[in-house]
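Below, each structure is written out as structure tokens.
First subunit A sits with subunit B, and in the next complex the same chain sits with subunit C.
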Partner chain A sequence: MDLKTIVRELALEVRAAAGNLERPVTGGYASDLLSCVMAKAQAGNLWVTLQGHPNIVAVASLLNLAGLVVTEGVTPDPATLSRAEEEGIPILTTPLTTYTVVGRLFALGIPGVER
Partner chain B sequence: MRELSLHILDALQNSLEAGANRVELEIEEDPLADRLHITIRDNGRGMSAEQLARAFDPFYTTRKTRHVGLGLPLFKAAAQRCNGDVTLTSQEGRGTTLEATFQYSHIDRAPLGDMARTLLAFLLAGRSDLAYRHRRGGREFAFDTAEIRTALGGLPFSHPEVRRWLEEFIAEGEASLEEPMR
Partner chain C sequence: MAEVTRLHELTYEVKIGDVMTRQVITVEPRTTMAELRAILRDHRISGAPVLEGDALVGIVSVEDLIKALVAGEMGASVGEKMTRNPVTVRADESVVMAIKYFNRHGYGRFPVVDARGKLVGILTRGDIIRGLLRQLEEEYHREEALRYRVSHIFEELISDLTSITLRCRVEAQDFESAGDASSKIKRALSRLAVPPQIARRAAIVTYELEMNIIIHTTSGGEILAEIQPDRIIIRAVDTGPGIPDIEQAMQPGFSTAPDWVREMGFGAGVGLNNVKRCADEMLIESPNAQYTSVKVVIYLDHERRPAEKAA
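Moving on to the complex of A and B:
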């Protein structure tokens, strides 16, 4: 499933890299601890977090993630959005909680990462 | 990171990469003032004003293998989340000092973690000496590996018996900070 479909199904707001939504999503990962994300998330994953700091873009870029969902109505820092635009990392926002977003992603058939 | 010791180890590794041969690490836990202070002072090659200005930018790294460096940005974000901060001061050719502060009781402050393992990893990773001072409340554990090296008369820290002794020495010192006050 590509990001565009996920954006539509979950009514997410696209805040950066709107041109990069064709990419297939290989799975999902959720955590707010960036060191855990670095250890576990895999290329092509969609990462669900409530962090809005520019560091999230660096982690997503390092791991070649498909994109990020920033939850609970958090407004990502302007620096986060401009960096994400430069790096081509889609930033999607939602008022939903991380728990709900993950539940809906599972319902769409996006698997978790276990290794 | 789940433990602050991992941030400390990362910063200590920066000191080694900067060519330091002496590093001072001070940890002060002050529950009364509700502050945790961590200071790392090295005598490495230091940083230029331009390097210093970008040290907390995750898209800046001296590393050649990838284009992002997250060590310092993550340390700073962890401190800021806990009403603290991480700051750097540096003089080229003289060294760099990192100061981190946290609100001690902040609910998001990670525990300090396993300092004995962290210090041992640092001592075995490079040839730098370490002056260590850890205070908690009224207690203190401190040592200087320059003195330990002299006492060892040339035996390296990686020697199995030295290594075992160091491990126990540091673990006991750290544990002594935990003992209930009599």
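Moving on to the complex of A and C:
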């Protein structure tokens, strides 16, 4: 399933890299601890977090993630958005909680990493 | 991901003249529909521009032919059945214009004209797709040619041990540029054709060591990545303060990061464990707790690695 479909199904707001939504999503990962993300998230995964500072883009780019969902109505820093635009990492925002977003992603058939 | 964006850019960069079919089969107004049928069939095309001398006067398609066939008017001339004053595109316009035209008019093909209105080609959706794919393929090959193979460099530069060293300065408390050093090193590794799984491990190692320098040092430090023919050696060296109890620092969950750093999602106390997990060899030293030096070795060939590390 590509990001575009996920954006539509979850009514996410696209805040950066709107041109990169065709990419297939290989799975999902949720955490607000960057080292955990570094350890577990895989290339092509969608990362669900409530962090909004610019370093989330560095992490996503290093891991070649498909994109990020920033939850609970957190507004990503302007620097986050401009860096994400530069790196081509889609930033999607939602008022939903991380728990709900993950639940809906599972319902769409987006798997998680096992361990 | 890159391809999609690049494809989008290409529709602006590539000109219609680059992708159009140049060998145009044309007909004349006095050609009969029966003759047209043979021409379309023989050339396996679905339409043709109509030329009177040098001037483009119309376009005729297989649809016109079917209508004529149904109406029993195969003896009629193309001049009677063609679409007059056809919509044309210019060879020097971008492909994106043609895509807009296709969407707007719903035609299967457009005659392509030069600046003076002279017919120079014909354009179908298939031409656009083939042309863009060809362009992507050419770029891909150019990039491949640019990409050094590690082995090539190491074969060409003869010494007892040739290596490439990337040195990145990391400033203390500089959260704005956090990840820059790791990104640079990862990019270099992929240009050197290091396998993606190895590049990923090296990226995790450099990222965690970079963050440690940013979070914990008073005046920053340096990350060095040395690429040898069979291994990557990553060193992170700072100027202190050091680590009084390295064993404790290696415990998962142990962290001395202040709360404001933790709120940003750093300082979870698993950084060094991540490094260890991705390393084939790892050595931390902090002589008299004055400064910290971390050395990590990642082997490029699988045989030399002690065990497959879980990703």
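A few comments on the model shown:
The definition used in the following text is that the second predicted complex is superposed on the first by the 114 of 115 C-alpha atoms of A that agree within 3 Å, B and C clash if a C-alpha of one lies under 4 Å from a C-alpha of the other, contacts with A are read in each partner's own complex, and residues count from 1 in each chain.
Criterion: a residue touches a chain if its C-beta (ideal position, glycine included) is under 8 Å from a C-beta of that chain, and two chains touch if they have at least 3 such contacts.
Here the structure is a predicted model, which means the values were calculated and not measured.
Contacts of A:88 after superposition on the shared chain: subunit C is touched, whereas subunit B is not. Applying the stated contact rule after C-alpha superposition, one finds that A:42 touches subunit C and leaves subunit B untouched.
Once the two complexes are laid over each other on the shared chain, residue contacts for A:62 go to subunit B and to subunit C alike.
With both complexes superposed, C is the one of subunit B and subunit C in contact with more subunit A residues.
After overlaying the two complexes on the shared chain, residue contacts for A:34 are found with subunit B and with subunit C alike. Of the two partner chains placed by superposition, only subunit C is touched by A:19; subunit B is not.
Residue overlap on subunit A between its contacts with subunit B in one complex and with subunit C in the other: 33-36, 38, 53-55, 57-59, 61-62. Put simply, subunit B touches subunit A in their complex at residues 1-2, 6, 58-59, 66-68, 70, 73-74, 77.
Of all residues in subunit A, those touching subunit C in their complex are 19-20, 22-23, 32-36, 38-39, 42-43, 49, 51, 53-59, 61-63, 66, 79, 88. Within the complex formed with subunit A, the subunit C residues making contact are 1-2, 4-5, 8, 175-176, 178-180, 182-183, 186, 196, 200, 203-204, 207-208, 211, 264-266, 268, 270-271, 274, 277, 311. Every residue of subunit A that touches subunit B in the complex is listed here, in rising order: 33-36, 38, 53-55, 57-59, 61-62, 83.
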